[in-house]
Every structure is written in structure tokens, then in C-alpha cells.
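In what follows, subunit A forms one complex with subunit B and a second complex with subunit C.
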Partner chain A sequence: MIRFVKVFFREALNMLLLIIGVTALLYLLFNIMPGFFPGKGEGLFGYTQLLRKLFTFQFGTSIITGRDINGIVFPAFRNTIVLTVGSIFFSIVIAVPIGIFSAYRRFKTYSWPLVIFSYIMSTIPVFYLGYLVLYIVSRYTGVLPIYYPQGSGRGNPLLSFMLPILVLGFGNESISEIVRLISTELERVMHSDYAVASKARGESVLWSSVNEGIMIPLISIVFSKIPFIIGGAVIVEHVFNWPGMGRLAFQATLDRDLPLLIVITFLSVLCVRGGMLLKELALLYINPHEK
Partner chain B sequence: MKRFYFEKERPAIESFHVPLSRRASVRDVVSIGFGLLVVSYLVVFYFISVTGTFIRDPMQIDISNMFLPPSIDHLFGTDFLGRDIFSRVVKGTEAFFIPGIISISVSTTFGLLFGIVSGFYPRYSSKIIFYVLNIIDSIPRIIFILIIIVLFNPSIYLIMTFVGISSIPKIASYIKAKVELLKNQRSIEAARALGLSQATIIFKHIVWLSSKPVLIIRATLGMGESILIETSLSYLGIGVQEPTPSWGNMVAMGKDFFFQGKIWLSTIPALVILFTIMGLYLLGDGLNSIYNEKVSR
Partner chain C sequence: MKMRYKRFLSVLITVFLLSIPALLGAQTKGGSLIYGEYGAPIRLVPVLANDSISIRLIELIYGSLLYYNANGEEVGDLAEAWEVSKDLKTITFSLRKDVFWHPVPGEQGRRPFIADDVVKTFEIMMHPNTLTSLQSRYNFISSVQKIDDHTVVFTLRKPVLNVLGRFSFKIMPAFLLGRITSLRGDEDLLLYKHPVGTGPYIFVSQEGSSAEVVLKANDRYHLSSPYIEQVIMRPFADQNIITQTLLYGGIDLEVRVPPRDISEIQGDAQFELAPYSTLSYSFFGYNLRNPVLAIKEVRKAISYAINRQEMLNSFFEGKGQLISGPFAPGSWAYNLDVRSVPYSPGEANRLLDRAGFTERTKDGIRTRGSYKLQFQMVVPISKENETTKRVILAFQNYLRSVGIQIDIKWLEWKTWTENVFVKNDYDIIYADWLFDDSFDISSLFHSREIGPGRNNFCAYKNPEVDSLLDESRSTLDIEKKRTIYRKLHEILAEDVPYTYLWTLTNYAAYNRKLRRVEIHPTRFFTYVRDWYVLEEDQK
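On to the complex of A and B.
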């Protein structure tokens, strides 16, 4: 238990330092280049004001629309979190069985098409995949709603989450990596001495190998993929007209709305480093004897 | 007992002394062959588009031949202004070829530099370098690029330079791990005992003899990533602008006619993107499994 607290505080300190570094970098860049945001040109005082705003989650107002940033950003942030987490789960559900299946040498010929499929899925441009899915769904099935219900009382929001999650889950470039990692790791573990010994005792090799071999690499790869998945979310939100943080960031870029862009960067860095924190804790939970 | 000891202690380098033909499986040969095919057609397309021979003019508007499906005359069909899609695909390689090479060279050069410095001097410089690299690493790449576009002008060369910068941390951590592994190994100790200079040890024994495969693999993957970034940005409308062809904005322009059933306008560039990136990734993976020790026998 004390170890968890220790790791938690170490990682939280790390996270704090990195967030300070990121905001300092942004403040420096935004001060050098043209464009306006509150606190520009006030040196260290402006920077501390910015940090106070960010850490108390009172983000102020947008300089383009004049609206309160809190009211814009938090619903968008929630939508993006749903999209990201859902697509990670979807990728794992698709990729892990393919990886386990292709780790067995005697299934190599049968698993080869599946591996090719995973490569195709992770290299297809995600915007094209989005349009393809929209075309097929809207033209031939019509089961799922193809857009997010803006306003109230129109359509089921849960169902409209499905298509973007599906597309981002297939197209976030991580399926082939998870498949490759799991198949090589599992192959290595299944040929190791203790796996052979447990096979000789008549136990199931697969389950123990899965527990021993793939949990640690799987967790580390999934959490390290978070920045890429947020990047993919920008494009998927653009395709599906999804009111999330990526579209907001794109809009802020076109408007040169620097305060909003700082807030969005802060929140996404918070996501990424929070994922790292969770990863360390999960690795410690799985393997407490690790240093 | 002794045999097991040697198996465990065998350094990673030793696998390079096994001839390549014995290390490659059928799967690796197929992957690398496909990857080399992709690399060769990229290079051929680039030179065709630079010299401007063998293809129609990609900018030539021909209103009488709009939306022609693929045929012998127009290999990939024509788009909504009657322009030949095949020559636009060929011309589109210019949008990422040189920028991608810039991005790869930035990331490998600085990744190598930072990795070696922090691997050899792990006490203070490593901490500082990795603090800065972690700052870059924790901003998602697309948002980093959006910030760059807000601050500077959205030129594809600048964007690709920053894509290269954003993939420095990965290469630096690879090289750092490699240097830390190699630093205390017998071959490097022997080289030091022979009186070779630090520069020779670093550049010949560590960079050239041991890190070359990692760098080649990262360069192939980096080219794939930069094509993906370029197409995504052109799709969003902040990369290469419309009259100049690029694979991303061809897909983006074709998507408006997707629901009319004219699917080849965006499907063909998307398939070209898919094959190219898949080839580069397969090339990287095949080289990776050849250069690393094979686990199964």
C-alpha cells in the first residue's frame, strides 16, 4: 500500500512538473509570436495568473466569442473522453483475440489473413474509413444514427456514440501494434521453461501465459497510445461532426483563439499524463515485485 | 548447466553474425518484398513528377470529361474538374517526399544526439534532456501541429520539421536504452582497452555497428507516419492547398461526391495511401524481426 502511495506521489509530482513545463513553453511561444491573450507581455506575473486560472479550472472567457470557456470546454471534454475510452476498449476487444490466435504456431496459416486485416485496419486513413462507414450505414442499413443529436430530445445519444467509437477503434493505428506485440510476447512465454513444465503437468498453458506474458506489455502500449488516439479523435470528430475537444481545437486554430487553445492543450496533457499515472499504478498492481 | 549460462548471457549483437538468409522467414521475405515495392514506386513516382514526363498535366481542367470511371485511357478515372487522377496521384508524391525526408532526418539526427548524450552521461544531462523531451512527448501530435499552425505560417516543410521534432523522444529513448546496454559490454570494453578514442567508439561501434538497424526501422516507420500526418492535415484543410495535388486533399475533395455513388474519386487515393503506409510499416516490421533475435525456432 505504501508503495502505491509512493508511486502515486512520484508520478503526480512528475505530472505537475511537466504541466508547468508545457504551459511555460506555450506562454513563451505565445509571447514571442503575434496574437493576443490575457496576460500577454506581463512576464512572470502573467504566467502565474495563467497557472492560477488553469489549476483552479476557472478558464476565463474566449477572446473571439466572449463566452465562458468552462461552459464550452467541459461538455466537449466529456464527449472526447467517451470517444477515446470507448475506442480503446474496442481496439483491445478486436486485437487481443487475433494476437492470441496468431501466437499458436499451428494456426499460422489461418491467422495470416487476420494479421493482414489488422494491418489494413491500422493503415487505412481514418477519414476515409469514416466516410465509408457512413456511406454503408446510411445507404444500406440505417440501424445506427449517423450524427450526434444536437439539441435535446432528438435521437438516442448512446446509439449515436457507436459509429465514431467503431471508426476510431478500428482506425487508431494501434490494432496492428497490439497484435504484433501480443503474438511475439505470447510466443516467447509459451516456449519458456516454466510454460513447458506446466504443460508437462497437464495444466492449461494459454491462461498462465496470458497472465504472465501479455498483461504488462498490453497495459503499457495501451496507455502510451493515448496521445495518438486523441490525435485521431480530432479527425474522427471532424468527419462525424462530433462536438468534442478536437473539433474545438481545430476551430480555435482557425480563429486564432489562444486562451481556448491553451486550455485544450492543458486538458489533453492532463489526459496523457493521467494515463501515464494510471499505467504506473496498474503495472505495480500486476507485478508488485518490480522495482 | 553451462550451456544455459551462455544462452542467457549471449549479447544481442551476436545475432548479426548469423547470415540474413538463415534468419528470415517466409513472412519476413514477403513483408520486405512488399515494402521494397512500395519504396521503389514512391521513388519512381517522385522522379516522374519532378521531370514531368510520361504523365498528363495534373492541373489540366477538362470539363467535357468529368467523373470518368477508371479506364485504359484514364487509368484511375477523372475527378470533378476532369483532371486525370493517376497523374494527380503521381504528382501528389511531391507533397510529402522531401518534407518526409526532412522530418526523418531531423528526428534521427537529434534523437541520436540526445540518446547518446543521455546514455553516456546519465546523471544530470539525461534528466534535463528527458524532461524537455517528455514535455514534447506529452502534447498530442496533432494539437502540437495546430499550435505551430497558429503561431507560424502553415507551410508543409515547417509542419514536417515539427513532426520530426515530435518524434525525437521515441528515438532518443531507444538509443539511450541501447547505449546503456552496450556501454558495459565486453566488445566496447575491449575497444576502450585497445585505446580507441571516445568518438570512434561512439560513432563506429555504437552508432554504425549496433544502432543502424534501429535507425533504419525508425526511418521507415517515420516516413509512413509523415505520410499519414500530411494526408490528415490536407484532409482537414490546413496542409497542402487545393490546386496543388496531395493524396489527402484528393480524398477530401472526392468525399463530396461519395454519396452520389462516384466512389473512385476518393477511394483510389485512399487505397494508394493504404498500400503505401502498409508497405512502409511491413518493411519496418520485417527488418525488425530479421535484426532482432528470433524467439522461436
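On to the complex of A and C.
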């Protein structure tokens, strides 16, 4: 328990330092750039004002659109979380069985097409995959599966909701990495002495190996992918008109909406560092003895 | 007498045309219209908005004193009657008494529209602290006065041609502005979050992150109330999928079809393409402060060296028209006798030789002594940067072949405007002008308008042009004005402060279930209350 608290505080401190660093850099940058936001040009005072706004989650109003930033950014944040978490989940669901399958020796000859498939999927850039899927699906179902907000629904809501998640899940490059990692790790564990010994005793090796060999690398790889997946989400949001943070950030950049951009950056930092924190805690939970 | 006969005939024809849809199917209220835009509205506030997406939405929500009908005549919207005094210096508007503001959230009932709203809107618009681009357009008005609740009088500094056309600015509710005297956009105002107007459609909601805007028909609209029950504006982040969404029924109307999608829609009987031209044109503008660009032969050579027809054909699918001078074609000011400069690299080379740029560097760039034909072009990173990029690169290539080097610098929009209009730190720009109905070009070419933040960023100076422009501003005779403008067109084509390129035709595309669609060139939705959806198509 004490270790949990210790890790938590260490990571929280990391997060805090990073946020201060990033916001300070942003504040500096936005002061040099043309455009206006409240607190600009007021030096340290303006910066502390900005920090207070960010840490109390009272983001104020956007000076460009005159709309309440909290009301814009939180729904977008939620949408992006749904997209990224959904796609990570999907990647794991696809990749883990392929990895296990290919590590399990008996199926080696049958598994290589799957492995090749996973590599091909991972190398197709998301923006291309997105258009391709849009084209194929609309061609064969007669509906264009882009995101429709409530109230103006036309077409198939479930399809519109699932497709972007599937595309990001396939295209975020983590499938091939997970497959490669699992198959090599699993093979290593399964050929280790204790596995051979237990196999000689007639016990099933696979599932215990899965537990021991791959959970830790799997967790590290998934969480370390979070920043890239968020990056991919920007493109998927674009193609499927998904109203998330990436689209919002793009629009805010075009409109030069600095207050909104600061908030979006802040939330992304929170997201990425929050992922790291979760990773540390999860690792600790799985293997409490490791230093 | 002849005129009257003509008018009678046109009324007859209009009546006939209006009866056609009635024969085809019943006009009933109901149905919805979902339209797609590339990007989100920036500000739904009449005085502050200057992006076309916001302007289109504002046209649906807000009303103005007058508007133009499809025949180009002024028609009353909030004004019932108006009278211009004999000396053309005062205009009196009698306001309608049956106009009500849209419901305000948290309030019961509706407030009536009164003269204070007009006065307040105008005063805010003209306040020096208000961030608006409209002030120069209304400088000719010295004051506005409320006589009673339903009468206002505008006093003019000087008589102006087509003065009534200027009174199409949108009126905001005074009771929601309170004591505010100017708008900068950072005030905490209900009006910023929830537009309240007098127009045919009432603002319902703007969904947070997707910025989708939902409007419903105004059931107490003072003019003929709109047929379509609900209008939804759906923003798109990706231009490539808007047309596809239209074709698959996700939206009913696309405001501006990208040129390369036009043929796809043309082949589909379910959709209609509606061209509308926007009284605008594109050009390359030169900084005459640069001693090399100040040489007229050099500018002319550039005009000869580029193949504009080819660029128009390949980048805009030929959907446009080449122009020869500083007015929008299709306007009464445009001089059709001036020919546009043909593509002739030979002529360009001859002109450059004559200007003395005969030596060449190792890379083939022409020089004369210490002067080198190498220019910096600044380009804003705009939303449509794909075609812009192609135009710029083609421009670079064309000039390369006659020995002129162009360096391209991409700038973010605000930095670009600052560089061009304030610091004048550029050699060549690629830009557009969008005109209103007055086609006043004095702010672009009058030597008085040289200076930071002014529109004559070229620093173009020509005494003859100055005096012609002054003359045109003081005259009220439209024929005389036309003669002056024709002369100006000729001079400005000869002097090439700009290389005039083309004016593009925009296309809107809509599903045929929408009927009697008519589009205003700049405001788009002016005639929306006549649009309707057949009963069998209402879902």
C-alpha cells in the first residue's frame, strides 16, 4: 500500500512539473506570437492567473467565439477518450490472440498469414485507411458512416459510432507491435526451463506463461502508445467528422483561439501523464515485488 | 410608358413562375434542411462577424431594415416605409410595429422590436472601440436619431449613390446589450452564446464540441413565415467528405462545392447545382516600394509570363472567368473593352530585355547591375491551401522560365495581414477582394490610402487615378460614374499594380427535395423563407 502511495505521489509530482513546464513554454510562445488571450503580456502575474484558471478547471470564455470553453472542451474531451480507449481495447482484442496463436508452435504455419495481415494493417496510414473504409462501407451499405450528433441523426448510428474506433484500432500501429512482443516473449517463456519442466509433468503451459510473460510488457507498450494514439485520433476525427479534441484543436489553430488552445494542450498533457500514472500503478499491482 | 409596360410584363411572368411549383406539388410547412459547411462559425454576432460561415447563419437569425430582393430592388424588412429628403441628406425610416424579438432563454413572452434597437446597433457599430470591418462602409452617416418608438432618422454627411442599399446591416436587440457602448468580443454577453434576432429562424442550440447549430422556424415572423420547420448547420473538418455526405443523404445542401466534385454531382439526377458568383476576384499584388517592382515593364512581364487560362482550367476546372481590371465582372463598373493580358513568354522576355535585365546568374536569374529579379511572395496558410498551393507553384514555374526567381513564404493568417498591410514586408501577394454593391475601389488605389493598416498596400500612386477616384466619389450620376470607372479600369489595367487573375463561380449543390431554392451571392440565405420541401419528402 505504501508503495502505491509512493508511486502515486512520484508520478503526480512528475505530472505537476511537466504541466508547469509546458504551460510556461506555451505562455512564453503565445506572448511572442500575435493574437490575444487574457493575461498576455503581464509576465509572471499573467502566468499565475493562467495556472489558477487551469487548475481550478474554470477555463473562462473563448475570446474568438465568445463561447464558454468548459462547455466546448469537456464534451470534446469525452469524445476523444471514447475514441482512444475504444481503439486501444480493439487493438488488444485483435492483437493478443494473433500473438498467442503465432507463439504457440503447433499453429506456426497457420498463423503467419495473420501476422502478415497485422503488419500490413499497421503500416497503412490512418488517414488513408479512414478514406478507404469510408469508401468501401458507403459503397456497400448505402450510408456514409460519419459521426452524427444526437438530434439530427440520419443513417446508422451504431455503424457511425463503431467505424472510427475500428479504424483507429487497426491503424494506430500498435497491433503489429503487440503481436511481435507477445509472440517473442511467449516463446521465450514457453521455452524456459520451468515451462519445459511443467510441460514434462503434463501441465498446460500456455495460460500460465501468458500471465507471467506478457502482462508487464503489454501494459507498458499500450500505455506508452497513448500519445501516438491521440495523434492518430486527430486524423480519424477529421475524416469521420468526430467532434473530439483533435478537430477542436485544429479549428482553434485556424481561428487563432489562444485561450482554447492552451486548455486543449493542458488537457492533453493531463491525459498523457495520467496514462503514465495508471501504467505505473497497474504494473505495481501485477507485480508488487519488482523494484 | 414603355417602362411601365415592361414592369407589368415582369409581374405577369413572376406570377406565372410562382405558380409552377404550386402545379408540381403542394407547398406545405414542415421538413428540415441540413446544410454542410467546411469549418465552424467563428462568431454569431452581426457587427463582429466577418467569416462567411457566420454571415450565412446570421442571415437566417437576424433581420435588417431593408434587403434586396432577387431583382435587385430594396424591400422593407424591419422598415415599413422610408423617405429620402430632397437634399438627399436625411433618411427617415418608419419601422414595422408587428416585429418581435426571438424568445430569450429564461424569459417569458417576446419583446417588441423598437427604434432603440436600430439606434443602439448603429452606435455600437460605429464606436471607435468596436472591432468591426464595417465602419468604413458607414462613415458617410453622421448620426442616427430616434423620433418615436417606430421612427428613426439617419443624417448623412454627404449624399451617397445607392444609399438605401447600405441599410442592410443586421439589427441587434438593445435590451440584451444594456449599457455596453462598444463590442470587442471579450465581454460576457448572452448574445454571444445565444443569438437573439428578428429573422425567419430562431436559434435553438449550438452543440458544444461539434459546433452544429440548430435553428427552428420563427412562428411569429413578420414577413411570410418560412416553410421549412428546422434548419441545421453541420460543420465538417474535412472538405473531402462534404460532397460524399450530400450524395448519401447526410445533408441536403452543400454551400460551396469544391471544383473537382462538381462533375460527380452533375451526373446525379437527384441533385441540383446552383451557380452563384460572389463579386470577387483573385490577383497577384506587387509591392511598389521595391525598386525593381516599381519598374512597370517588370510587372507587365510577369503578367505576360503566366498562363492564366491554363491555371484556371487545371486548378479550378475552368469554373470561372479571366478578368482584365480591378472590378468584379458582372458589375456595372467592369469595362468589357479592356482585353485581358494574353500568355506570351516571348513578350515577357522582350519587356525584361528592354528594362535592362539582360545578364543572367548561374541559375538563370536575370540581373541588371546589383538588381536581381528575385522576389519574396508571402502567402497565408488558409483553409483552402490545396489549390492556393498549386497556383503559387505554377506561378513560380512560369516565372522561372523567363528568368525570375520567386521565394515563397507561408505565413499564418494574422501574421500575413500584419506583414502585408502594416509592415509592408513582402514583394508579391496572392489574394482576393470581395466587393459590395458599390464597387468602390478608392481605398485600394488612392494615394491617400497608403500607410499602415490601409488598403493601398501596393503603395500605388498615380495623380490621374487619384483625381478620377475623387471625382467618382463626389458624383451621384450613375452614368457619369460608369464612365469614370471605365477610364479607371483602363488605366489600372495598363499600370498593373496587380496582375488581375480571375473571378470564380461558386456552386452550391442541393437535394432536389428542396424546392424553389434561390441563392443570394454573398449572404446566401436571404430568400430562405420561400424554400420548401414537398410533403412526401418530409420525413
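In this text, the second predicted complex is superposed on the first by the 273 of 291 C-alpha atoms of A that agree within 3 Å, B and C clash if a C-alpha of one lies under 4 Å from a C-alpha of the other, contacts with A are read in each partner's own complex, and residues count from 1 in each chain.
FYI, a contact is a pair of C-beta atoms (placed from the backbone, for glycine too) under 8 Å apart; a residue touches a chain by one contact, two chains touch by 3 or more.
Keep in mind the model is a prediction, meaning the values are calculated, not measured.
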Touching partner for A:Q49 - first (subunit B), second (subunit C), both, neither: neither
Partner chain in contact with A:G66 - subunit B first, subunit C second, else both or neither: second
Subunit B versus subunit C as contact partner of A:S220, first or second or both or neither: neither
First, second, both or neither for A:R188, with subunit B first and subunit C second: first
Touching partner for A:F30 - first (subunit B), second (subunit C), both, neither: first
First (subunit B), second (subunit C), both or neither touched by A:R256: both
First (subunit B), second (subunit C), both or neither touched by A:G231: first
Touched partner set for A:T123, first subunit B, second subunit C, both or neither: first
Touched partner set for A:S198, first subunit B, second subunit C, both or neither: neither
Contact residues common to both interfaces of subunit A (with subunit B and with subunit C): 35, 131, 138, 238, 250, 256
Subunit A-facing residues of subunit B, complex: 27, 131-132, 134-135, 137-143, 146-147, 149-152, 224, 228, 231-232, 235-236, 238, 248, 251-252, 255, 258-259, 263, 266-267, 270, 273-274, 277-278, 281-282, 285, 295-296
Contacting residues of subunit A [partner subunit B, same complex]: 17-18, 21-22, 25-26, 29-30, 33, 35, 105, 112, 119-120, 122-128, 131, 135, 138-139, 173, 176, 180, 184, 187-188, 191, 227-228, 230-231, 234-235, 238, 246, 249-250, 252-253, 256, 258, 261, 264-265, 268-269, 272-273, 276
Subunit A partner contacts - residues on subunit C that touch it in the complex: 34, 39-43, 45, 185-186, 188-189, 192-193, 206-212, 214, 232, 234, 236-238, 240-241, 244-245, 247-250, 383, 412-415, 418
Touching residues on subunit A, where the partner in the complex is subunit C: 34-35, 38, 61, 63-68, 71-76, 79, 131, 134, 138, 142-144, 146-149, 151-152, 154-155, 237-239, 241, 243-244, 247-248, 250-251, 254-256
